[in-house]
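Structures are listed in the sections that come next.
Both complexes shown next keep chain A, but they swap its partner, so chain B is in the first and chain C is in the second.
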Partner chain A sequence: MLKLIREVLKVGQATLPYPFAPVELAPGFRGKPEYDPQQCIACAVCTIACPPNALTMHTDLEQGVRTWSLFYGRCIFCARCEEVCPTGAIRLGHDFELASFSREDLTVRAEFRLAACNLCGAYFASAKELEHVLALLDQAGLPPEDAADRKALLRACPECRRKTDLPRVKPLIQEAFNGRV
Partner chain B sequence: MAEYDIKTDSAYAIRPDEAVDRLKGALLKDIQRSCYVYRVDCGGCNGCEIEIFAAITPIFDAERFGIKVVSSPRHADVLVYTGAVTRSMRVPALRAYHAAPEPKVCVAYGACGCSGGIFHDLYCVWGGADKILPIDLYIPGCPPTPPATIHGFAVALGLLNQKMKASYHLQQDDEHPQLLHPQLPLDLRIQVERAARRMAGYWHGRRIADVFLAMIKNGDPLKLSSTLQEYLAAQGDPRLSEIMHRLEEVYLAWLADH
Partner chain C sequence: MLLTEEKPKIGQKYVDALRQQFGWSILEEAWQAPDQVTVTVELNSLPSVVETLYYQHGGWLSVVAGNDERPINGHFALYYVLSVEGNEQTPQHEREKCYLVVRSLIPPRQMEFPAVTPRVPAAIWYEREVRDMFGLQPIGLPDERRLVLPDDWPEGLYPLRKDSMDYRYRPEPTTEDETYEFIDVEGEGIVQVPLGPLHITSDEPGHFRLYVDGEYIVDADYRLFYVHRGMEKLAETRMTYDQVTFLADRICGICGYAHNVAYSTSIERALGIAVPERAQYIRTILLEVERLHSHLLNLGLACHFVGFDTGFMQFFRVREKAMKMAELLTGTRKTYGMNLIGGVRRDILKEERVQTLQWIQELRREVNELVAMLLDTPNIVQRTQDIGRLEPKVARDYSPVGPTLRGSGFARDIRVIHPYCAYDRVPWTLTYKDGCDVLARTLIRADEFFESLSVVERCLDTMPEGPVLTEGFRYKPYAYALGYVEAPRGEDIHWSMLGDNQKLYRWRCRASSYNNWPPLRYMLRGNTISDAPLIVASIDPCYSCTERVTVVDVRKKKAQVVPYKELERYCIEKKDSPIKG
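And then the complex of A and B:
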């Protein structure tokens, strides 16, 4: 008996004090995805990458609105969204205390405006995404005379872009096919 | 055995009547401790079960709060549903629900239990315990870690408060997303990120590339080697050292080109 008590005292307490004290997390622990809507460009890359479709996006072309939503109840904490996010708007934190009484409290939603085509006026891409692409073009160091044309082209919807670009591309195609087109 | 409707919409889930709801409210308010938990696996991968058992080991010791896992639903106050509710496990799940005495608390445990998780759109899956049963608490995670499990039960028993809150953001006019590392040339960032991701995998690669690019950005380029050595000595990870030195090579090659 005394031997046992001595053994117990030597071993000490194995039980962690959680929830009365914070628990020590391993480095690289993937907790709750923290979303920064300021930084989000609503490009939908994360919704394509998300394996369980916890991230979803709905585009309303009539209203010109795109709604991003994240449902923590379906998230598997794989960090694929963090990997693919081009602006670092989503990053997995260390929070794991997600228990909730309702489904509603497990959802994060954000609504973004779409950009209208500068030629036909139809909505075609998220306004912030367009802004980000134009900023990337500047960062890539395009020559100024090229940049103005490129930027004007990017502000048009894919359909108008194709029509506008045709006169420029036509000679190139004819050359490629030796004038047989 | 009772006949069960097989509709998959949560609108057809079992609803307890008002008297039961009142009893349940009293149960949640008064019980606080000493609740008996029965675990129902509705077609899960067993990851959640392993974490539940980890939560009752001496390290986490859920039994110090009186939470005890029992082996029959007839003894249970709390039913924990894990798994995405497959076609074959739906009726056993419902039988366990009916076998437990009222009032009872139902918990959806893990990503699958909460909403079907990665299996949500499979043909043979109902997609979450709330499609067939009235769920009182959701504990997300894939699987929830033992601390998350203990936190979940503490929330269910009213010992701790719920931390999660629904959020909604509407785009404002002053929102301008920042470029990543705007001070660095785009092609350098892309070359470093690609090299890091190729060597370390996407997730770690990005984090390693971020540390390296921050070193280039903040420090004196001539002193990069010594800053890098200091950082790597502090980390003490030979794999990280290998990757960082290769990133340095990428950077030097880029400098030579420009």
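And then the complex of A and C:
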């Protein structure tokens, strides 16, 4: 009993003054995801990886708008979005105090323009994602005519791409099958 | 972990013995790993095969998985997973230890199978669950009540059948009342004491009914699964393989990482993925960090239930260091979100290693003092010795796991029997005691705490350099295997079958407490009701908390409601019985 009293006296106060003073967090602490819409290309990779469906993407093909949204109410701070993001647009910070009176405070949204197909005019992909891919092609060091060819192809929607591509590959296929097609 | 043909197959001799004894009833054998085999047997010999393995070859029932394989082979399937460890006549060093899965196919027009429970009591909950989830009737099962499905669930709706329902569907309740029938114990002066539906030790629901004669418990019955979350269905229909690791974390608020490792290893084993050495060590370290905070919590609760609340506060103060350790190593206080299929997501850096080693030394010193103080408390031994006895015979019949089993004289720990991660590469000692009582189980947890500290230390000292994640493998449809982990409360086991659409075809996850609940009834018998909370806490159950207690006097047909707080107070103070007068 005496030992216990000695221990209790030795330890003193163990409770922290939180929330009146901040708590000390480990350097690698995973807090709330911080989103940078400037960096985001709306490619939707994070929405596929997100285990609790906190990240969602809605594509409106009529209006040509893609809405990215993050609902912190569902977020489990796992950092899968940070891990898979190709442009570093989302990173986990240290903030974990999310209590709020309004559900809206827990939602982050960003809207992105869609690119229209240069042949049929239908919306098909995020404009920023397309720019990103075109810029990557510039970096790839392809011969100029080859690069121009591919860029033209990328500006078309998948449907038009198929249609324009078929006549071009037809001779190749015929060659492969010795003209039996 | 890579499966190659040349490796010797551990457990072949059990399969050969079965073939010899049952001849043509043994239809097929398939190896998932060098120490993991699935044997398909003819349905009628299922009970005999399971019984032979269980009692003649030293088998323990780990889990039973039902599976709707109609889209694959036109049948329903049952998988009885046994850890076969050799009988007592075999010399210790010759006992081969493997997981032997007994599989039987049930044609859809038949929809019934001979129950194993009359031969092996450990199967009781599993067969009740298979009936609830798939509508497969176990013929000869003595208990006809539902286990998992609520009483107001519609007849004939079996959630885990592939063609039954969407995971978001919530049928209308069919009745307003709770219709669950508790067992009937009759006799002169027997009184029923219902605890729940909101129950002892943790804040989750479960309905207990104690049958008492005066102060003594004659028998007990319980209804659990009030908060069944349908995780298996959710994983099978909505989530990808990597996403399920994050769901597995959330099976338990304490041993989440153990479930995560069990799930990940089941997939890795099914696909033959070699997990990097360093990742194996990191997993081992984190599993032990989890054991640290879990055991400190239970030791704290042991103090609380014998009325030593200062000790409870002190254990929780020290426990905070284990939580900080988890935060440092994983980025969250709960060792969550660390695994992907193929390894771990975060390495352990030098500063983190140094800090962890320092905290380990502090923890060792502080907990040493606290445990000494706990044992010096005059009433701890008096309150826990010979209380809540789990007789070795009952333990053998019901396959309980973890400290609950090791307290009854069985040296059975999955880390030793089926080593996974890095447990076979660092030296450590297994603790078991033969007191069979609450005291033995508490002391085992104290010993294991210090052993965990040593394991973390040794892993940090000896872990090899290198990558922590294997990538670039392909998923094979319908491959299946087991994953297992010795969580703080005992073996967590996952049986996973991959699908053909980047989703699991079937995921059966079994938490350790599932195997510890059925024998609890025998542990309560013969004790006074003031010891009931203490006994339930000694298995460290994963769910349930009693909100209030109703005392029913069968002879007078009179019910009396006692708040749970009152029963807890009675457990702590041992005076002024709430059911007197």
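Keep in mind that, in the parts below, the second predicted complex is superposed on the first by the 169 of 181 C-alpha atoms of A that agree within 3 Å, B and C clash if a C-alpha of one lies under 4 Å from a C-alpha of the other, contacts with A are read in each partner's own complex, and residues count from 1 in each chain.
The rule we apply is simple: a contact is a pair of C-beta atoms (placed from the backbone, for glycine too) under 8 Å apart; a residue touches a chain by one contact, two chains touch by 3 or more.
Keep in mind the model is a prediction, meaning the values are calculated, not measured.
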{"item": "Touching partner for A:Ala140 - first (chain B), second (chain C), both, neither", "value": "first"}
{"item": "Chain B versus chain C as contact partner of A:Glu7, first or second or both or neither", "value": "second"}
{"item": "Partner chain in contact with A:Gln39 - chain B first, chain C second, else both or neither", "value": "first"}
{"item": "Touching partner for A:Phe77 - first (chain B), second (chain C), both, neither", "value": "both"}
{"item": "Touching partner for A:Pro52 - first (chain B), second (chain C), both, neither", "value": "both"}
{"item": "When both partners are placed on the shared chain, which of chain B and chain C touches more of chain A", "value": "B"}
{"item": "Shared chain A contacts, counted only where both chain B and chain C touch the same residue", "value": "14, 28, 51-52, 76-79, 83"}
{"item": "Chain B-facing residues of chain A, complex", "value": "14-16, 18-19, 23, 28, 37-41, 51-54, 71-79, 82-84, 86-89, 95-113, 127-128, 131-132, 135-136, 139-141"}
{"item": "Chain A-facing residues of chain C, complex", "value": "239, 242-244, 246-247, 310-311, 314, 317, 320, 324, 327-328, 331-332, 336-337, 345-346, 352, 369-370, 372-373, 376"}
{"item": "Residue ranges of chain B touching chain A (in the complex, touch as defined)", "value": "58-61, 64, 108, 111, 114-118, 120-121, 128, 130, 136-142, 144-145, 147-148, 150-152, 154-156, 159-160, 162-171, 175-180, 182, 185-187, 202-204, 206"}
{"item": "Chain C contact footprint on chain A (complex, rising order)", "value": "1, 3-4, 7-8, 11, 14, 25-26, 28-30, 49, 51-52, 76-80, 83"}
